Amino acid sequence: MTTIIEVSDVSKSYGGVVANKDISMKVEQGGITGLIGPNGSGKTTLFNSIVGYHPIDSGSIKFENKEISKLQVPEIARLGLLRTFQQTRIYGEMNGVENMLISQPHRKMSLRDAFTVNKKEDYERADHLLEFVGLYEKRFLQSGSLSFGQQKLLEFAMALMNEPTCLLLDEPTAGINPTLINGLIDRLRRANEEFGITLFIIEHNMRVIMNMADHIYCLAHGEMLAEGKPADIQNDQRVVDAYLGAH
Amino acid sequence: MTIAKTLLYAVLLLIIFAAPFLFPDFRTQLATLWLMIIVALTWDMTGGQMGYNSLGNIFFYGTGMYACAVVGIAIAYPVAEYTNASGGGIYKFTDTQYFLGAALGILFAGVFCSLCALIIGYFTFSLRGPYFAIGTLGVAIAAGELVSNWDFVGGGQGIALPVYPNDLDEGKLFFYFLFAGTGIILFIFLNWMYKTRFGAAINAIRDDEEKAEAMGIHTLRYKLTTWAIAAFFVGVAGGISAYQLIHFEPLETAYQTINLGIFMVVCVLLGGKGTLWGPIIGAIIFQVFKEVTWNYLLGWQWVALGALIVVTVVYFQDGIMGWLKHTKPEWFGIRVEKSADGGANS
Amino acid sequence: MDQIMGNLGLLFEFPVVNLKIIIDGVMIGALFALAAYGLALVWGVMNVKNLAQGDFVIAGGYIAWWVAGLGVPALFGVPLAFIIMWGIGWVIYKLVITRVIERDLFTSLLATFGIAIMMAQLLNLMFGSDTQSVNLGYETLFFFDGFVDVPIAKLIGVCMATVLAICVIVFMKFSRMGQAIRATSQDARAARVLGIDTEKVYAFTFSLNAAICGAAGAIIVMVWVIQPFYGITYAIRAFVIVTAAGLGNLPGVIAAGLGIGALEQYGSHIFGIGYQQAIAVLLLLLVLVFRMIQQRRSRQVLK
């Protein structure tokens, strides 16, 4: 397996507060990597450093062997490193299909291509992916009127439409009805297997991440606490302590 | 549906062609109406469809005027000498010189304004929201002030272009159809563009630019392209205006920040932002209102205009189309989840 | 071009000319800073970017000019402009601003632009479009063989601006209302929870801003000239200063105000008086570009 994201010795502090200290980690191509940690452990800070939301103090972040720690958000996104938002962000005024069509991979389009009307295949692909996440019936409804869980599924479908190489998910199950979580896990796994998209998931819900990921990193107090297979992490006393200590 | 639509467009075309003959006394006003439609439609490209509210689109109008005039003069005489004499009637243009100059000038105005939009946009499109509005307003004001100090183009005196060579009434028709033609081309182009992927992408930038960036949309490239297209048409309209008005000067006619510069925004807000027909309807209402009331207001026109802006912005910002969309969503094919109660539970 | 080089050469040949330009610039800049402080106040407290700022200044100037014409001693124009503009600000707040506070920023920008157009046109209808000023009749002091002239009127103007600024600062720091204003600007919702009537705070802030601008205008009419359509330039200057200094940065606002006053004087000395408005606007663009580059370095945009 090749490494797709390589984070080495990244530090980031806000004012005097150290949010990330000398973090190093790797995301392997084609796998599902998880990032866990109690509240305030610096997960989201690390995530935002990778996608280019703020400058990092030191260290390096590489995506497909290209240094990205100095790039802007859109430049990073155009490399094929896509993210979803914890607070779901879809285009609420448009309906499901329109949302999907907007999410076509513009980074693969020249300006000439952009000035064309959507083809039949594009609609079919949109419909197919909406069916994949179970929103086919609701595809013509204004998406802002969908429930939060459905919006989250729509955002996921949009991300798939974009054909990313690597998808970063920020707490995909947060705020979702527990009965829907299993369905979502299943779809994430299938996206990984069928479309070959590398997944990097921040997750607070231990059960979810243990079920899904093949490699897990655990942060605590801004430092890398442990890494390994789900089973190892589950039995790691330090991880258990960190979680118990935080609650 | 399509038959009805074809019929509608046919009738509209007929009206457009018949109007200057039905109302021969109002040819200039009708031409101005087309100018308003053009600037409103182009303002809506960035303001309504892309979410970038420019207060400086008038820059392209003024620049178009000057670019067109300079080229139009330059094919016959040295520009500096000509402007130095303020036109003055000394310099005669043959028919060929006039029409060739106007044609080249108007085209050059469009292209030149597009280039300006690319350069200015490269800087201003990194600004968001109010900073963009103020930044573009700054560009327009600065340009007016600089041009009025630039003797090559006549400084504060402005430029006087040659008069239409033949019959004056024929001239009015000529300018009416120049404006109308530009407006129709613009409408057909936008009608198509808003349906393309590009149109969807600029809507995405309007609704959530951060998300659009995160989805890898070439935001800057699309913003620049949109503005450059808008600038092209405003520039062309400016060029036509330059020949229509014959004489113009920098601050009150060309870079008329508080005049046409704000009219276009009001037209779009009145008719409805982000729709194809909104700016057109708004421009028609505004222009009719202005022509009917202007002369009765006895110097209070501008105060009334300020009040109109305030009232529109504060009480009626969604405009006519926005209001229709709100009350009759089914006309626009908008469907909402029936059982949704705020969408909190899944 | 030759003229520009000549003007530049003058600065090096007679360094004392620099002193004159800087003194002039700082005196005018003090008044810019006042208007900018008002803008920062309104911007910070209720997130309204007021494009009518400059027209408040000009309106204040016309009030002072008008009462001076009636025979009232000119210096009384300053407090009078303060009071009258307070009332006008309050009316504008109740009619318009209160309805745009919660809306998006372009709404408030455009609404205040509409107000700016209305005010400029009203002033034009009432007082005509000629430039006006009030002659205080004081002498002018000369230094360095007459190279540096300081009219006493300008000195008085600067002193009054300083006094006004100090009063406002003391008021903001120690009075109950001032504290409420500062609390609201930090977190309006929290302030509401603590029982502060934010609507009242907003109305007060906006009126105070109009009053400060009015007083600044009344001083400007004594040391400079006003004209109904000069407003937008003052508004833009205020934006330049606030954008350069940032919100809630009082020393920054003062420094930027004085600096921009001096830069404008240098500009109009070098390029000629005709470029004065253009220079004010070009400074805005410069500051915006500079701030943009700064933000870009921290992977952010200016919004």
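So that you can tell them apart, the chains are marked A, B and C in the order they are listed, and the count of residues begins at 1 in each.
Following the convention adopted for this analysis, contacts are C-beta pairs under 8 Å (C-beta built on N, C-alpha and C of every residue); 3 or more make two chains touch, one makes a residue touch a chain.
For clarity, every value in this text was computed on a predicted model and none was experimentally measured.
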Hey, which chain is the most central one here, using CA centres?
-> B
Label of the chain whose CA centroid is most distant from the centroid of subunit B | A
Mean-CA-position distance for subunit B and subunit A (Å) = 42
Cα centre of subunit B to Cα centre of subunit C, whole Å, reads 32
Euclidean distance of C-alpha centroids - subunit A vs subunit C, Å | 48
Among the residues of subunit C, pick out those that touch two or more other chains and give their numbers.
-> 296
Indicate the residues of subunit A shared as contacts by at least two other chains.
-> 73
Shared-interface residues of subunit B (touching two or more other chains) are none
Residues of subunit C touching subunit B in the complex | 49, 51, 96, 99-100, 103-107, 109-111, 113-122, 124-125, 232, 236, 239, 243, 272, 274-275, 277-278, 281-282, 284-285, 288-289, 292, 295-296, 301-303
What residues on subunit B touch subunit C, complex-wise?
-> 53, 55, 123-124, 126-131, 133-135, 137-139, 141-142, 145-146, 148-149, 257-258, 262, 265, 269, 299-300, 302-303, 305-310, 313-315, 317
Along subunit B, where are the residues that touch subunit A in the complex?
-> 193, 195-198, 200-201, 203-204, 207-208, 210-222, 225, 334-337, 340, 343-346
Contacting residues of subunit A [partner subunit B, same complex] | 51, 73-74, 77-78, 80, 82-83, 85, 89-95, 98, 101-107, 109, 111, 113-118, 138, 140-142, 144-151, 158, 162, 176-177, 180
In their shared complex, subunit A is touched by residues of subunit C numbered 296-300
